[in-house]
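In what follows, subunit A forms one complex with subunit B and a second complex with subunit C.
Let's turn to the complex of A and B:
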């Protein structure tokens, strides 16, 4: 039957994950474009720049992917990351704790914010948008309060505790350790999302929360865990941010969450919940960092980078809608 | 329908379940009043009653989804109290809910084993796929374990849900209107499964508005009315009339139509020529004023798709539409409404209702323009208008401000009908208008439809229930696999000839493999 064949083809496309392929294709096209038209885009230093910028957004985007698949959103990751990094800096500069402890402080602070988000959302049934908007401001203020509005400085490579930069950012020889950590965390998260109950319930909650509840799943518990994971990722992002940029300025970080969310959306994760992939999110992260560096190589400054990031987000969503329409046709 | 397994129940048959004095109130609604229910081992026990009688609520209390205000549940001789769905599952009671409760983005296997996919933290889809395949094989289901639910038809999805309930190997299986979305062969498959389970000693509670199914399957039947227990009958000693009388407190007599009520020269109000889309093949038909045009066919025959093309909900590849003789260009449902065509979706939850809004808001949704001045809605007039219809088609709701979600299925459907009546549409397309509606309400909806055509409106009625098509239609179009296979005047139509044309290509397809 004609009908059968047709749906067979579309089915095959659907199964192969068209969106991911398209996103990957877009990334490759962008790289080619900038290599041809940009100055020095295809160089070692440009490549390193792209990697540098992808670390902290990457960590945030990984946590954010889980949250968005459940149908929620975490607007607090950017400021939570900064607040963690700021307080870790205070622990280092003011309280004179060993650097290793300070790094743990970053993660703990961020994870606690994640826990607060999760508890408010799951136990009190408040909307994620509102809760995380609230904790965005709270974490923004909290970091500054603890730091007494002082800029915090992490040790540089040549200083006593400089090992932390070589461990998390680049080795003496310039090897990108940050990329290694991002990759390791990505793999762990990937296994978590595709091979464990946490992952399964993340999709289940986003797909049909009521059905999941009726199936006997403890929705509240898993939601809390997902937001804790997002906070934890923001904490790791904080370590990488401190290692990469050394200086942490109070009352910054708001707006960074939008990059994480944009990366996730570009990667094909639906804000309506139930669908999404980490591979897509990672590609989304690189699409944005490549765009940034590529435009720079064409002498277009940050206002243009911001402008085009917006364009890419909208294109990605359009593509996603087109894809789900096609999918719906297959169904009928 | 399958042969009835003679299952002679004696009084000594073991009681597995007793629900005593169950009372439940929601805000403003006394849903269950001291309700009683009793179930024996290895019986199929039908639970019937009008929309809103409290059947689903009683079952939700049994399965731990709602907590009763009063009353007790005795299960296997012990008093039990389930606080969550999981506790009931673990105790051996599983349920297929009236509304689908599946996760659309997950596969069939992932849905079936959700919550018990693995002992530890890690999951392995190969294991559950294999178990699901075995389960499907044993149930004769032609569904791949790796198929995502969103790519299955409603009927298939329903079968997944049923398979899930069966996979718990429960002692008590509750089926709340499982056949509403099933095709005839799927229904038969379900009945075979039920017979097997019954033979194994599983007790089944079966809720359905289709009394002919109950006649075939049930050993006993319990009737509920207005949240109260009315009585229990042994099926083989009972007549349908008796049951209906207990349900609605009166008998309902339905005479089939034998000849068309439409004058042959009545003006044509709607005509389509060669409507085509990927799922519809060159469908042409016309609808006369005051006519009820029935669309028969199996589920998936493309009847809904035709309706969606007519109202512009899907894009047509080809084909013209004429309203009252003038060609019209309908590109979206709004155009259709402005030409006086209203569509009542078969899937009211998805397309027909805003579940979180009140009865009034839903009923007035299509007509707000007529009840607003310079953008402000005249809420009082809206409520009055809605109230008129609550009375005239007897919508059971504590007030016009009740949120739709809290109404029973049948009453939700009536609100959708009210919406298009208020909009004053001349052409109404009813897609499975009585799915999930009890006979009392059904006969009211039939009366309503007859009233409407007598007043000069015209109706297209898509239905999978042949008796209702034969009773209501003046003319019947039979469809199969997207094509119109036959057009019959009511005087020449009977179920045999309709089924023949509804399965026409089916047979041909099988021949070719």
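Let's turn to the complex of A and C:
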């Protein structure tokens, strides 16, 4: 029943990434909706607020995109980010290290957790869901142990070492440095995923791990690298989180990984692996933060934000299934 | 192909509409909402919303706002550990350009750039409940709050009025010291830190003024409050702070205190801690005065709530301290309205009361006890 011309159209839509387009469309519709109905949503400060809330989710989502494309999942990113930020805070407040070292500590702690995830998954062949669920708890506990369950404060703009906020969050003039870092990291990750061996193997492992193995790809090595990258991203997210929110409370961070995963899924990356894009994930991140700030501008409490985030995730997955079905029909 | 083109054209139209709309339009929107003649807008950001306490604060605020013809919005993060969510909320509220901002900060440090922004936008900040301690931005003009140190000291004073407590205390020896447990739900919130400090300090001072008890009190359990005694301790004040405000964690910490030998008192410093205490004691039945497993343990709570009220009513709790959440809401809006008009404002102590099974039904107390 599918004639040549029609299948050509569908193929074109599929190639152009229907979901990415729809996600972008949804983002624009949401912006318009909130600009009309929200209180002062269409303003410079609301825009800056959306950026603020995007940084840490954005970094986590970028790392998560690689993991999910390989067909894996990293449930530990939220707590790993907080664990890093908490331990960095201890390095600053308790050990009195220079702030620059403390920021490096954040990234190192998070990258080590990524390495542990990767080794357990690739070398011991444990399921990613279980491994990262385990490291979620381990990082949650570890951060609190090191911090002795004390809240850690990073310096504020006007204090000594406040330069770290102007460098990573906003300049004194209000320029969003966080957005610059997110963009730079996004570009680097984009090049990694689309132009390098790592990117090609990431897709290959996710599409058909056995085939990739037979074709001589060292699956274990690349899987470890992908989880290390996810941990590293969570570490950078930790720096941006500390710069944006200053206060790191022990025993928090669980649940934040779901925002990153939701953003990736909304952006059209398939949880089955092999399919996905970073552009989509970034759009997914902004859909969630626009939704959050938009609902706040309409004076809707956070329970509504959580509720609608869930609705958006389900709609996105439905779309994904619909798209795959269409694509399958075209192939037939 | 046509469909894609149509969709992308529509998208581009929306985008260009978004991008090129004159900024004056949004500013006009903003100022109209902020200064719509008779009805100034006041944004209130609480520390949470999950306890009914905040709903009574909101009721007080709404009633006062109606009286003063002010429009208010009231919101709080999902739980009192969620500092980031509150930062986002305050950001969103500042974007709405309110005439004043009422704030119960989870962390003043986390909100420091928002407070500076409020200052530069000329938005007066009114603290309520735990307020905005140690604000250095100058945005904070006044606070409507309970003096938590005084309020918690009242709990220690009432214990000393109790014969059973005095009897148990005088039995304490260095070989067999007694334990006074303090269950504090949070290590970051200023009001809870003040309550904990207020109770501990008053307790230490009172005990040390008893004959034979000089320098015989130590405080253990939490670095922040620890105090060694110079001579061997007869009384150990054990502080327990759960790792998070999640109810199961609070319950575990309560259990940890209950396992202490010679425990004579537990002070639960807010509704969450009191609820944790109750769930650790089989919903309070272990505290039953005649049949309970801990029938000699004296529990003093803080705040109200349905479960805690029932526990006080049935004497499972000796009594509790209540703030006056309704007045906190009323006074916060009152201060905001004065600040908007440029009138001078100063801090208000909204007061606290002791309640037990004998007085909790008196109308003047009952109205303070939210469910």
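To be clear about the criterion, the second predicted complex is superposed on the first by the 330 of 332 C-alpha atoms of A that agree within 3 Å, B and C clash if a C-alpha of one lies under 4 Å from a C-alpha of the other, contacts with A are read in each partner's own complex, and residues count from 1 in each chain.
The rule is short, and it goes like this: a residue touches a chain if its C-beta (ideal position, glycine included) is under 8 Å from a C-beta of that chain, and two chains touch if they have at least 3 such contacts.
Quick caveat: nothing in here was measured; it's all calculated off a predicted structure.
Please tell me, clash or fit, for subunit B and subunit C sharing subunit A in the overlay.
When both complexes are placed onto subunit A, subunit B and subunit C end up side by side without any clash.
Mind working out whether A:184 is in touch with subunit B, subunit C, both or neither, as first, second, both or neither?
In the superposed model, A:184 contacts neither subunit B nor subunit C.
For the overlaid complexes, name the partner, subunit B or subunit C, with more touching residues on subunit A.
Of subunit B and subunit C, more residues of subunit A lie in contact with C.
What is the contact status of A:311 with respect to subunit B (first) and subunit C (second): first, second, both, or neither?
A:311 sits against neither subunit B nor subunit C.
Check the residue A:321 against both partner chains and state whether it touches subunit B (first), subunit C (second), both, or neither.
neither
With subunit A's C-alpha centre as vertex, what's the angle to subunit B and subunit C, nearest 10 degrees?
About 140 degrees between subunit B and subunit C, seen from subunit A.
Regarding the shared-chain residue A:302, is it in contact with subunit B (first), subunit C (second), both, or neither?
The answer is second: A:302 touches subunit C but not subunit B.
Could you tell me if A:94 is touching subunit B, subunit C, both of them or neither one (first, second, both, neither)?
neither
Answer with first, second, both or neither: which of subunit B and subunit C does A:130 touch in the superposed model?
In the superposition, A:130 touches no partner, neither subunit B nor subunit C.
Figure out whether A:145 sits in contact with subunit B (first) or subunit C (second), or with both, or with neither.
After superposition on chain A, A:145 lies in contact with neither partner.
What is the minimum C-alpha distance, in Å, between subunit B and subunit C after the two complexes are superposed on chain A?
Superposition on chain A places subunit B and subunit C at a least C-alpha distance of 19 Å.
If I apply the document's touch criterion, which positions on subunit A are contacted by subunit B in one structure and by subunit C in the other?
Common interface on subunit A, subunit B vs subunit C: nothing in common.
Quick check: in the complex, which residue numbers of subunit B touch subunit A?
So the residues of subunit B in touch with subunit A come to 65, 84-86, 89, 97, 100-106, 110, 114-115, 117-118, 121-124, 150-153, 278-279, 305, 482, 509.
Which of the residues in subunit A end up touching subunit B in this complex?
So the residues of subunit A touching subunit B come out as 1, 3, 6, 11, 195-201, 203-204, 206-208, 210-217, 274-275, 327, 329-332.
Mind pulling up the subunit A residues that touch subunit C in the complex?
Result: residues 9, 12-13, 16, 21, 24-25, 28-29, 31-32, 35, 39-46, 48-49, 52-53, 144, 148-151, 153-154, 156-158, 165, 169-170, 241, 244-247, 249-252, 292-293, 296-297, 299, 301-303, 306 of subunit A touch subunit C.
For subunit C, which residues count as touching subunit A in their complex?
1, 3-4, 7-8, 10-11, 14-15, 17-18, 21, 23, 25-27, 29-30, 33, 49, 73, 75-78, 81-85, 87-89, 91-97, 106-107, 109-110, 112-113, 116, 136, 187-188, 223-224, 241, 243-244, 249
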